[in-house]
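Please read through the structure below; I'll follow up with questions.
Letters A, B, C and D mark the chains in the order given here, with residues in each chain numbered from 1 onward.
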Amino acid sequence: MSKLITMKEAAELFKDNMTVMSGGFMGVGAPEKLVTAILDSNVQDITLISSDTALEDTGVGPLIANNRVKKVIASHIGTNPMTGKKMIAGELDVELVPQGTLAERVHAGGAGLGGVLTPTGVGTVVEEGKETLEIDGAKYLIEKPLRADIAILKAYKADKAGNLVFHQSARNFNPVMALAADLVIVEVEELVEIGDLDPDTVVTPGVLVDKVLA
Amino acid sequence: MSKLITMKEAAELFKDNMTVMSGGFMGVGAPEKLVTAILDSNVQDITLISSDTALEDTGVGPLIANNRVKKVIASHIGTNPMTGKKMIAGELDVELVPQGTLAERVHAGGAGLGGVLTPTGVGTVVEEGKETLEIDGAKYLIEKPLRADIAILKAYKADKAGNLVFHQSARNFNPVMALAADLVIVEVEELVEIGDLDPDTVVTPGVLVDKVLA
Amino acid sequence: MTTLKTAKEVIAERVAKEMSNGDLVNLGIGLPTMVPNYLPEGIDVILQSENGFVGLGPVKSEVSKDLVNAGGQPTGINHSGAFFDSLLSFALIRGGHVDVTVLGGLEVDRHGNLANWIIPGKMVPGMGGAMDLVTGAKKVIVAMEHCSKKGAAKILNECNLPLTGKGVVDLIVTELAVFRVTDDGFVLEELQDGANIEMVKEKTEATFTISSNLKIKQFS
Amino acid sequence: MTTLKTAKEVIAERVAKEMSNGDLVNLGIGLPTMVPNYLPEGIDVILQSENGFVGLGPVKSEVSKDLVNAGGQPTGINHSGAFFDSLLSFALIRGGHVDVTVLGGLEVDRHGNLANWIIPGKMVPGMGGAMDLVTGAKKVIVAMEHCSKKGAAKILNECNLPLTGKGVVDLIVTELAVFRVTDDGFVLEELQDGANIEMVKEKTEATFTISSNLKIKQFS
C-alpha cells in the first residue's frame, strides 16, 4: 500500500469546486509542485485556505494568476497584487482571517472541536456577523473550524510511511493542516526509508499523510 | 541571567494554595525531583493539575500520599488508590476531566483562548453544570481554560536557554503545560550547552522556560 | 483436533475481522489488546497509544523507562512510529483520525450509548481518554462478554450506569453474537460458533431485529 | 559634533529603552525593525518571528531559502533559537508570552484603539498576525511619526479607520513625544529632544493630560 504518487496521479485527485488547504508562508514551505499539479489538472473554482497568497509567481500565487480560485481564506493578500485586483473586480471572494485565528480554526477542524473562542478581532470588522460569548467577564468571538477536501503540504523529509520533518521556517502551517483535510498530499525535498527518521523528531506522524509525491 | 536553580531554590518558589500543573503520564515524564522539592517546601493545599495521579510512590503520587493537595484536576486517578480513598473521606476534591479535554483546556489557557468547544462528554456527567453551544447542528460543551501558578515539567534534554527536547512517551503533557503557567520549572536528564540542540528539533522553545533544575 | 477457545479469544478473533489494512486503531486495556493476535493475513494495522505515539508494538531489545502504553506498561514502537504530545494525540482521537477503537463495556443500549467507566459506589478510576475515543473514533467497537459475571444482561434498552458516550457505539462483539447499532436500534448481524437466536434473546435485555443476512459462524 | 537624527531613528532609540533584558519581542515591519540597533548596554532581547521561530537575527554565513522573517525577507537564527509551527507561534502571541510588540500606526485614540491595517478604498493587504499581536502581547507599543505625511494628526480622540484592536495600545512613541494610554485617556509622559508642549498640542488632535513627572529629553 504505497503512498507514493506521480505528478499525473496527483493532478487527477483534484476536482472542480474543491476546498484546498495549502501550507506555506509567503511561498516558503509551500508545495509548488503540487500547485503545478493543480494547474495541470485544469481544475476550476477552488476555495483556497492558506496563510497568504504569496507572490504572483511563488507558492500558491499561480493559482490566483491562472484564475483557478473562486474564494480565498487567508490572513494576508498584500504581497500578491493579483489577489487584490481580482477581488476588487469581483472575480474573487476573499475572507480575511487573523493569522492566529486561522491557525486555531484549522486546528479545530483537525481536532474535532466545534470552534475557537478567541479574543482576537473583538471590536473590529472581524467581529461582524459572528456570534460572541462572554466568559468570566471577557468577550470572545466564536470562530468556526476550517477543513478542506485536500491539503497540499511541503515537508523537508518524508519516509515511505509518510512521517514528516520540516526545515526552519518552512514548517509554518504545514503540520496544522495535516489534520484538517480528507486527503493529505505531501511534496518533499527528500524521500527516505522507514527507520531513517527518529520517532522523537517526527513532527507529523505518517498516519496523517495519505499521499507523497514521488 | 542564568535559568539554573538548585533544589533548595526550587523549593522556595512554592507557596500554600498554589495551583501546580505537572507533566507526566502514570509517572512517566513526571518531574519527580520537583515533586520532592515541593515535599521539602512543606507547602500545603495545592491544587494539582495533571493527567493522572500516577502510583502512590511515582510521579505526582507522593503529593497525594503526603497530604499536600486539596484539589486534583485529572483524567484518571485509578492507579493511585490514595487519591480515591482521600476523595471518599472528603479530604480531597477531585475534578475528573476527559484526557483530551484536559489537553485542550491547558492549550486554551496557554494560548489565550476563552475556552474549548468539545463534543467530548456531551450527554454524560461531564456535561453537568456546564454551558453548551450548538454549532451547525451539533452540540458542544464549553470547557474553561486551565492555567497554573507554576508548571513543573520533565524534559530529556535542556540547553541553558531552556530549549527542551523530550524522549519517547515521556513527552505527553509537558510541552502543552509549558505555555500555561506563570512560572515554568523544568527538571532534565541532561543539561547541554546552547547550540547543542538543533533548532528544528526543539519541541519547547526556551522562551517558555523560566527555571531549569541544575 | 479443535482446541476450545475462551470467550475472550472468540471475541478478539471476531473483532480482528473488522480491521482494514492500514487502519489506525486504538485498543482499550484488557481484552481489546488481544485483537492484533488474530489479524487476518494481509491486514496490518497501526496502533495508537493515547499517551503520545503511533506504532505501538512489542518491546524489542530492552525496556525503556520512557516508553509505556496507555496502561502504563512497558512497550515498544515500530520503525515507522512517531511520538507526539497529548494535544496532538487527542487531536488525532477527537478529530476522526483513529479509524477504529475497541473498548470493553459494562452496558450498551440500543441508542448506542456506552457505559464503561464508573460504577457508582465503587472506586472511581476516571474516564482517562475513553470519552474522547468514543466521541472521535470513526468506528467504535465494544468487545465484551455477553453477560456480567453474575449473569446479568449488559445489552440493554436503556443504560443504567453513567455514560461514557451518548450514541457512540457502532458494533458490539460478544462470545455469542455481533450486534450493529442503527438508528432503529440493535440489529443482530451474526451468531458466534455454537450460539443460536433463542440463547441470544435470553441473555439480551434489549429488543433487536435480526439481519436478513444473518451470518452463523461455522465450527472451525 | 552632533549628527542630526531622522524622526525614525529618534523613535526607534526611544522605543529601545522600553525593553527589559530577556524580553520576548515581536517587531512589525519597517520602523520597528530598527529598534534592536538602539538597545542599551546589557539589554538583550529575543525576537520572535510569527511565521514560526524565536531567535531571529542577522543572516550568518549564507542565505537559506527556508529561513525568512514575517516580511518574507531572508534572515538568520541565533544558536539559542527554535522553530515551531503556526499554531504554537500564535499560542505564544495570543497567550501573553510575547512581552512587547512594536508596531506602526495609522491612528491611535485615547481608548487605546489602534488602526493600522486598512485604508478603505485602497488595496487591502490583510491583517496578517497584527490583530493577534495587539490582542495578546503584554505591552503594545505604537512607534510612528507624530503626523501623517500630509500633516494630519494620527493621535485622536476617536479612530476613524477600521480598527486593528480595541483598547490594546499601552504606549505611543513619536519623534515629538511619548504618550501612555490609561483608563482616563492619554498621558504625555515625555517630550523628545527639541519638542515642547505647545508643539505637541498643535499636532495632536486628542486631549491629553501631562504627567506630573514629565520627562524632557536633553540634547545629546
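We adopt the following convention: a residue touches a chain if its C-beta (ideal position, glycine included) is under 8 Å from a C-beta of that chain, and two chains touch if they have at least 3 such contacts.
Chain-to-protein mapping (UniProt): A, B = Acetate CoA-transferase subunit alpha; C, D = 3-oxoacid CoA-transferase subunit B.
Given the structure is predicted, the values throughout are model-derived calculations rather than measurements.
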Selected pair, greater C-beta contact count between A-D and B-D: A-D
Inter-centroid spacing, subunit D versus subunit B (mean Cα positions, whole Å): 35
Chain centre separation (subunit B, subunit C; CA means) in Å: 30
Between subunit D and subunit C, distance of the C-alpha-averaged centres to the nearest whole Å: 56
Junction residues of subunit A - those touching two or more other chains: 104, 107, 111-113, 118-119, 166-168, 199-200
Touching two or more other chains - residues of subunit C: 53, 77, 83-84, 90, 94, 135-136
Chain pairs in mutual contact under the definition given at the outset: A-B, A-C, A-D, B-C, B-D
Sites on subunit A touched by subunit D in the complex: 25-29, 51-52, 74-79, 81, 84, 87, 94, 96, 98-104, 106-107, 118-126, 156, 166-176, 203
Interface residues, subunit B side, partner subunit D - complex: 1, 107, 109-113, 159, 161, 163, 179-180, 194-195, 197, 199-200, 202, 204-208
Touching residues on subunit C, where the partner in the complex is subunit B: 49-53, 64-68, 72, 77, 83-87, 89-90, 93-94, 113, 123-132, 135-136, 162-167
In the complex with subunit A, residue positions of subunit B that touch it: 104, 108, 111-119, 133, 135-136, 138, 140, 142, 144, 165-168, 199-201
Subunit A-facing residues of subunit C, complex: 21-22, 24, 46, 48, 53-55, 77, 79-84, 90-92, 94-97, 135-136
